Structures are given as structure tokens and as C-alpha cells.
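My questions all concern the structure below.
Each chain gets a letter, A, B and C, in the order it is written, and its residues are counted from 1.
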Amino acid sequence: MDNTLFTVNNVWMMICTALVFLMHLGFSLLEIGLTRQKNTINILFKNVFIISIGMVLYAVVGFNLMYPGTFMYGVLPDYFIDLFGIAPPENGLTAEYANGGYTYWTDFLFQGMFAATAATIVSGAVAERIKLGSFMIFTIIYVGVVYPITGSWKWGLGWLDELGFYDFAGSTLVHSVGGWAALVAVWLLGARIGKFNKDGSVGAIPGHNIPLATAGVFILWLGWFGFNGGSVLSADPGKTSMVLVTTCLAAAAGGLTAFLVSLFKYKQYDLSMFLNGILGGLVGITAGADIMSVTDAVIIGSIAGTLIVLGVAFLDKLKLDDPVGAIAVHLICGIWGTLAVGIFGDLAGWEQLGNQAIGIISIGAFCITSAYLIIKTLKVTVGIRVSELEEQEGLDIHEHGMDAYPDFGLNEH
Amino acid sequence: MDNTLFTVNNVWMMICTALVFLMHLGFSLLEIGLTRQKNTINILFKNVFIISIGMVLYAVVGFNLMYPGTFMYGVLPDYFIDLFGIAPPENGLTAEYANGGYTYWTDFLFQGMFAATAATIVSGAVAERIKLGSFMIFTIIYVGVVYPITGSWKWGLGWLDELGFYDFAGSTLVHSVGGWAALVAVWLLGARIGKFNKDGSVGAIPGHNIPLATAGVFILWLGWFGFNGGSVLSADPGKTSMVLVTTCLAAAAGGLTAFLVSLFKYKQYDLSMFLNGILGGLVGITAGADIMSVTDAVIIGSIAGTLIVLGVAFLDKLKLDDPVGAIAVHLICGIWGTLAVGIFGDLAGWEQLGNQAIGIISIGAFCITSAYLIIKTLKVTVGIRVSELEEQEGLDIHEHGMDAYPDFGLNEH
Amino acid sequence: MDNTLFTVNNVWMMICTALVFLMHLGFSLLEIGLTRQKNTINILFKNVFIISIGMVLYAVVGFNLMYPGTFMYGVLPDYFIDLFGIAPPENGLTAEYANGGYTYWTDFLFQGMFAATAATIVSGAVAERIKLGSFMIFTIIYVGVVYPITGSWKWGLGWLDELGFYDFAGSTLVHSVGGWAALVAVWLLGARIGKFNKDGSVGAIPGHNIPLATAGVFILWLGWFGFNGGSVLSADPGKTSMVLVTTCLAAAAGGLTAFLVSLFKYKQYDLSMFLNGILGGLVGITAGADIMSVTDAVIIGSIAGTLIVLGVAFLDKLKLDDPVGAIAVHLICGIWGTLAVGIFGDLAGWEQLGNQAIGIISIGAFCITSAYLIIKTLKVTVGIRVSELEEQEGLDIHEHGMDAYPDFGLNEH
């Protein structure tokens, strides 16, 4: 390949990497905005921990585990001999690597940013009641081992890839992988005090900073330019720009639909639903962003937006307490987006739909099992839930000795 | 054209598109920061609505209306046959399209982001008292139809383009188009309760979150890298980088001048004026960012910064209540920037100045008329202003049943 | 050089410029978040002032002073003849300029963004007690003259460059230059009221908005993609992507280590330490980001993270009051990162270590002397510290007549 084209491709991929990195800010703001003030420091801590440990873990374990055989350090013993020894293969910085789409280093960094995302998804669902230490242990195992294993099945050219399962940028491989763990964790943790009352009513536990939550969604949407745009794995003009169009239209359609459905259902202009609808549209289009027409994208996004409104209500019925709506966004819309590949776009067909279902089920089974084993083990050993006192007074003061807005006061001039 | 160069151009244009997208976060933060807490959710809702509906509308109507004949779906009946059916022309993903500057998809997305901006400008000016439903109807018509029509006169190679009117990135086509509607809307809406007192004094209605407003301005400045840098419509190294330099220097000069003029006039180091001065400088340079020298840019920015301080005071005198200063920034500096093309830089001259004036006047007349017809019709039918009670208690609780910071409390440790 | 490759390089460099610009938002948020509410407007004002005046100054003075002889306007009298007259040399927009890495305009803008950064670093350290006017005068001289002079010694190919001193992206040339001035300023200013008590105890003065501080760190980390990635001065795929990997891993390692060390030392999950550890890791890797292995980067970052925790405690012992930890981050880790070039990576060796020490000492001596002369002169003339009353009531109300959250109230529904 032309060396200049290789340089362009790599520039695009580095930018996409930066945008996916920024999603961690988006998730942080979204999560703290939709939860209570007394747990803000705790959530921020979890998020900076995830991106930091995620990147180190991906260097030590994940990258090689996910793309076995492709790289120099693909054999286990090497890890122990040469810790942190990731190094490019001979052609890793040339256009011969990865079809000239990017260098080995960009590959590592882009994929590492994705890996960390899976844990971030869980973070929101378990907010306001999980023990920090247990969450950190869970993160290390899930990001370090579980995510790369399911990733290897498809993106590492494993058995799901051979089968014909299609997941362009990770509706299943990233979002559902996070979503399944969120589901298991929420189930094992139980609801926050005050969420589900004995009389069957559902208590509203409002967040503390909706402007920051909204900023988080804008930043996540921006991040998706890189998440989906970068999943082309080159700067191919037609493909990348088409992916951005389907991504943005699905987001817009998801938001608008969630707003309209919730207006119809609850007679309110509900900003939270609009925001989660946008995210649902984004997750929904992720599996097939490169093979959908504009009309397909709008339909997929609209259905995702509808699923958000129904999903949030459905989870409440199941008495599953997900403070930020992560399960509806990432799991339900992740499943929907993956199935949509068999229904709309270039690959639509019964066989494809079957393959999509196999992918969803097999990855779901693996994730549920893994998450259950990790979290259950933590539960029966060190415990996963903070004390009632700590939950009521807030995790910030108990685990961090710190408030989120310690010097904040009201203007009295 | 070299296929690799086409790829580079398209990468640059996609990044610029992403940056213009991010401007919607900038506008959101600026608008909520400068207004009262009780209307925050409402403003955020308007902003996520605008970007979402703007993009869908641009797919269904705007793109084809603005660039008639260029694309496959330029004939009206097609819309109804093939709703959302935008599809690239045969060469739309090749270097033959648009001089190899970008693909059809990038073209659509970049232009769509611009279209949504026009409505966002209005959003700030009408904040804290407009009915949400009426604003949404206005947005749909203005973004869907009015903006593309005036856009077609110049960027669609219509009569203003033939005349020799020059507007590089939209001091008039975007900012004044939004600004004129803001002016009409503010006039028809009337001032907020408490702004202009019976004794002739002007009541200060301070905003609720200046840090977020400041963050908004930084983000808008960043967005202008894409707004102006992308308006080169390719990655041409000399042109794009020169545009970034004139843009940044005009912004800096605008901010510094507004700060100094307001220091002289009011004996205060006024942060709001500094911020609006930056925005004024950015709007001012937008019409001629590609044809100005460094010195020109600094002068244009400085005059824009001065106009901001004087303009805000002048609007107060006219009893026009614009909570965020949108009219001063986007309309006054938009006009100034458009005229500046006839005074400074490569095209300076009386004939050009005349053409600039014709553009300003004709687009102004069309926008005023359209905005008046739309908003007046809404006013006499469904109404455009919320009830006095709603205005006093806040739009958040009445239209959205939600506070912006519901769980916020003061630290009592 | 291939004209297309030149275009790619320039695109990458423009993006990096935009990212470095965004660092000014990151610094703003970090600084206000870690300080008290009553001084927020003041800090924001300083930050928008710095980026604005910094860019204008770099056009008028800095660029030519730092890269003498390279450009048309390198001779002093020209400044007065042709104020703001920066203009590209004949080949400035072609691939012949700067090895085809970027255009003259991109060069100016990228370097100008760096220059402004040095003053921003000082801003945090002197927060909550410095007179605004004096700080502005200091900034003008320091950014306009001192920074470009030390910059010219190395990046302007001056004597330190000839000696063999190595500083890839400015651990010393940017961060320590800012850090030394911060140290001198903090010393001459004295501590804030209430920081160091007569009984020897250290009073905690908590900040007012930790979420914004955290957002600031995420944005700074993102900005470092451009700060270090752009310092390659081209889009060379292998080098740029490797730099991003070492940068991110050092940041991650710095944060994790600071968290662990502070957990061990203080038995708390300390978010502030985690955040400053990330920044310390970033500053630490900056001098050698292009010559370190992955393992080196992790070690350098880890040591930087440790230095943050120890450094903050050490400065407290010296009764030096740095509200945001700028001296620990930028000076201590800047020195460490510069020395690390002689210890790790491709250039490691005693001779290199000696050269690094000479660079640190000579630049330190020049910066300390310059900063002392400027600030001491200001101290004995116009004064540098606000009155006790002003410090206690807040700079916002006294210097700006404005609160940061004037309309903020608690929800009482």
C-alpha cells in the first residue's frame, strides 16, 4: 500500500482512539449526573480507575488474549517472562500491518480504549451501593480476561467470526458484554434503599446534576464518531463517512422517538428519556452502522428509542434497580442492534438472523456465567454491598473521606 | 485527483463535522450557564431536540433544498416516494465528487450540523419564557425550510453567489440567519418579567452557572476550528491552517477588546463580556477567515469585541431582552463580519462592499419576514409565551416535571 | 516531499493544535474545581485572558523570538514597522517548509498554544490571593519573553540543543518553565489565610467542584494526545502512535501509583491524588515520550505518581501553599521526566543524564531569576496580593462584581 495512505489511515484511527478515550469522560458525567450527590466522588473514582487499569491490563493481558497468534507476544509464558513487554511485530509500524489501516501501536490503543468501555457500562448500573474494592476486583477480571475472550470469538477471528456472526463495532461485543455483567451485578446487589417500597410502589431517586448528565451524552455521541467511525479500521472515505451518517441519524431518531413515546406514555417532555434514547440509538446502530441505509438507520434508532422507554419500565417491574439506565441502553439496545443486522441492510436474511442470535446467546451465556462467578464469589467472601449506614450517608464520605462539592455555598449577596 | 488526497480531505472534513457537532454542547452550556436554574432542563431539552430534529430534517428536506440539482433526490415528489431516501449520486463516494474535498455523506453531515446551528442561536435569545411546543414548531420550519433557502442563494450557487456576495463560512448564512430570527422572536415574545422595570431601570437577571458558560465558550471556540476550518471544503494545507490562525486571533482580539472596553465603561473585569467578545470575534471573522491577513483578523476581531459591549447596551435601551447576548454576538457581529469582507482583505473594495450589503439586506428581509410569519402565526394560534405563573416558577417544573439539580445539597460535615 | 503526505502531516498537526487549545479548558476546570467557590470567576477570567493574550503575544513577539532567523520577521525593527505582521516565508505553505511536517501557519498556532500553557500552570498555584492586574502583567512578560527565550535554547536550535539536551515535548521547556515561576510566585505571595496555622498544623482548604476538576483532568489527558502526539511535528505513523501509547500508559500508571501510595500512606481512596497522579505521569513522560518502551513508560509514570504524593506533602512542610498541586505536577514531575531521558530509553547514559541536568539547571536558573525579578518588582510597586478583606470575601465579588453561581438555589419541591 501507498505509504501516504497508510499515514492517513493511521491519523484517522488515532483521532478515533482519542474520541473513544473521551467517552470515559462522557460516561463519568452521565453517571454522576443521574445519581445522588453523596456518591459522586465514588463514581468518579471508579471511572478514572477503569480507564487507567483498563489500559495497563490491556497491555499486560488483553491485547494478546483477544488477538491470539497475530502478535509476537501471543503465547502465555511470554507474559511472565516479559511483563509489559508488548512490542510491535517486525512489520507493525509499516503498511503491511493490518492492511495498512493503522500501526500496531494504534491498534493496541484503540482496542484498549474499547476494552475499558465494557467495565464503565457496569459502573453506572451498580452505582450508589457497591463496595469500591469489590468493584475494582471485578473490573480487573472482567476487563482483563472476560472481555478479550468473547472479543476473540469474533474480532480475533474465532468461531463466531467463522460462523458468520456480524458485529461491526460492538453492539454485542462491547455493549452487551458490559450490559450482561450490569444485569447480573444489579441482581446480586439488590436495589438501593428506597427504590422499591413494600407497598409495591417505585420510589424515584433523582440525580443531582442533569446539566452534567446532558454534557455526558453529547460527549458520548461525539465519542461514537470514533467508536463507529474507527471500527472501519481505516480512513476509507466512503465507508467512514457513511458510518458517521448512519450513527448520527440513529442517535437522532432514537432520542426523538424516546421523547415522543414517553410524552405519549407519561405526558411529560422527559429529558432523561431523550438522552437515553440517543444512547439507545447509538448502541442500536453499532452492530450494523456500515451496512445500513439512511432509512434503515432511522428505523433501527427509532425502535431502540422505543425500547429504552419500555425497557426502563420493564426493569422497574422486575425490581432491578439500575440508577442510570445502563441495562436498557447497553444490553437491550445492544441485543436489538445485533438482531437488526439480520433484519435490515445488506446482510438481512433468516440465516444471518440465526447467526446473530447464536452470537447473542453464546456471548450472553459466557458473560452471565463469568459475571455470576466473579460477583457471587466476591459476595460470599469480601462482600459486594456497602453497609446500610454507608449507603445512607453516602459512599463519598465513607470510602473517600471527601465530598464532591465541599466548599459549595449559596450566594447571599 | 489522487485517491489518497481525497481520503485526507475527507478525514479533515469528518473531523470538522465532529467539531461542529460539539458546538451544540457549547451552546447548551453557554445558554444554561447564563440563565436561571429554574429553566435549565427546558434549555437542555431544546438543544438536544434541535440537533436531533435538525439532522433528520436535513436528510428529509434541507440538503436537497439547499443544493438543488446537485443530488439525486432534488425533485420534490421523490421525497414522498422515497422518504429518508437520501443516497449518494453515482460518483458521491469518489474523488470526482465536490472536487475530491469530501464524500457525499460527509457533505450531508457537515452541512446538516451547520443547519442545526441556526436554530440553536435562537434558542438562547428566547430562553426562560417561550413555550416549548411553539419553539419546536418554529425550529422545524426554520431549520427545515428557511435556512436551506437562504443557504441556496449563496452556497447552493444561487443568485447571491452569481452577484459576487462573499460569505466564507456563514457570518450571514448561519449566524445572521439565526440572529434575525432571534431578534424577531425576542420582539414578539417580550421581555422576561423583571427585566425592564416601569421606572425605566434595567433589572439584572444573573445566570446560575458561569463555569459551565465558560466551558461552553471554550467548546464553541474549539468548534470553530471545524466550522471555519471545514469551510475550506478540503484539507488544503495553506488555506486550512491560515483559516485557523485568523479565526483564533480574531477570537483572542475580540475577547481582549470586549474586556478592555467594558473595563473602561463599567470599571469591572467583566467575564461575561470577555466571553461574548470571544464569540463576537469568532462570528466576525467567519465571513472572511480565508482572505484576511493576521492584522486584518485582529482588527476585525477587535471591532467585533467593541460591538459586543455596545450592542448589549443598545439592545437593553431598545428594551429587547436577550438573556445570553445572542443577538449581539450572532446578528450584530454577523453583519459586521460580512461587511468587513468589503473593507479588509483580498476582496476589499466598494463594489464588494455593495454586494455584501445586498446579501445582508436580502437575507435579512427574507429571514425577518419568515420568522415573523412563523412566530406571529404561532402567537395568535397556540401562543408562544408561557403563563406568568410558569415563568415565575420555572419552565422545568411546569413543562418537564423535573429539576436540574434535584438532589443537590450543601455539605454539612 | 509528496504533496499529499504534506497535507496529511498538516491535518494531524492542526488536530493536535486544537487538542492543545482544549487543554486550556482542562486547566480552567481543574483549577476552579480544586479551589473555593468565591474565587471561581477570577480563575476563569485569568484562564481566558491567558489563552487570548498568549496568542496575540506569540504573533507579535514570541514566535520570532523563539525561532530566530528561521522566519521573515526575525529582526526586531520589523516588529515596529509591521506590527502583527507575521507572514509566511516564501515556502511557508509548501512541503519545503519544516520537512513537510506542517505549514508556517500551523507551526505558529501549535507553538502559540504551547506558549500560553506555561502561564496557565502558574495560574493555579497563585489562585485565591493574587491581584488580577499584577498577574496579567506577569503573564504578558513571562509568555511574551521568558518562555520564548528558554524555548529558543532548545527548540530554536540554540545552545542546549547543540549540547545534546533532549526534551521531546517540553517536560522542562513548558512544564518546568511554568513550574519554576509557580514556585517563585507562591513563595513571594505567601500562603492563603488559614492554610498554615500557628500551631504548625496544615489547614485543609477543600475545593468547591470536584466533578469539574475531574472533567478537567480527562480533558487535559485528551489534550496530551495533541501535546505529545503533535510534538512529532509530522504524522509519521510509527512515531505518533508510539508516542500516544507511552503517553497513555504513563498517565494510567501515574494515576494508579498515586492512588496506591496515598492509600498506603493515608488509608483513603483519594481521588485528588489519583487525578494529580495522572497529570504527573503525563508531565513525566513528556520529555521522552518518543524514545521510551512500554515498560519504560509505565515505570516513569509510576515514579511520577509516587513523586506527586510525596511532593504535595513536602511542599506543605515547606509551607508553600499551592492550591491545585501545580508545583508537584509540573515542576517536580517535569524535572523527573527530563532526568528520565538519561536513565531510560534509547538515549540512556551518564553523558545524556549530565546534559539533562545542565538543561534543567540552566533553564531553572533563568526562570527563577526572571520570575523573581518580575514578581518582586510587581510586589514592591503595585503589589501582588489582594487585601485580607478581599481574600476572605472572595476575589469574585471584589474584582469582578460577580458570583460564579449567582442564581443557584436548592430544590425545595
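Here is the rule we go by: a contact is a pair of C-beta atoms (placed from the backbone, for glycine too) under 8 Å apart; a residue touches a chain by one contact, two chains touch by 3 or more.
As the structure is a computational prediction, the values presented were derived from the model and not from experiment.
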Same-residue or different-residue interface between chain A and chain C, half as cut-off: different
Overlay chain A and chain B by their C-alpha atoms and let me know the rotation angle in degrees, rounded to the nearest 5. 120
Centroid spacing, where centroids are CA-atom means, of chain A and chain C in whole angstrom: 33
Touching two or more other chains in chain C are residues 4, 8, 11, 15, 209, 403, 405-410
Which of the residues in chain B end up touching chain C in this complex? 2, 4-5, 8-9, 11-12, 15, 19, 36-37, 206-211, 214-215, 217-219, 221-222, 225, 229, 235-238, 240-242, 244-245, 248-249, 251-253, 255-256, 259, 268-272, 274-275, 278, 293-295, 298, 397, 403, 405-410
Going by the contact rule set out above, which residues of chain A touch chain C in the complex? 3-4, 6-8, 10-11, 14-15, 17-18, 21-22, 24-25, 28-29, 32, 40-41, 44-45, 48-49, 51-53, 55-56, 59, 83-87, 93-94, 102-106, 108-109, 112, 132, 209, 212, 399-411, 413
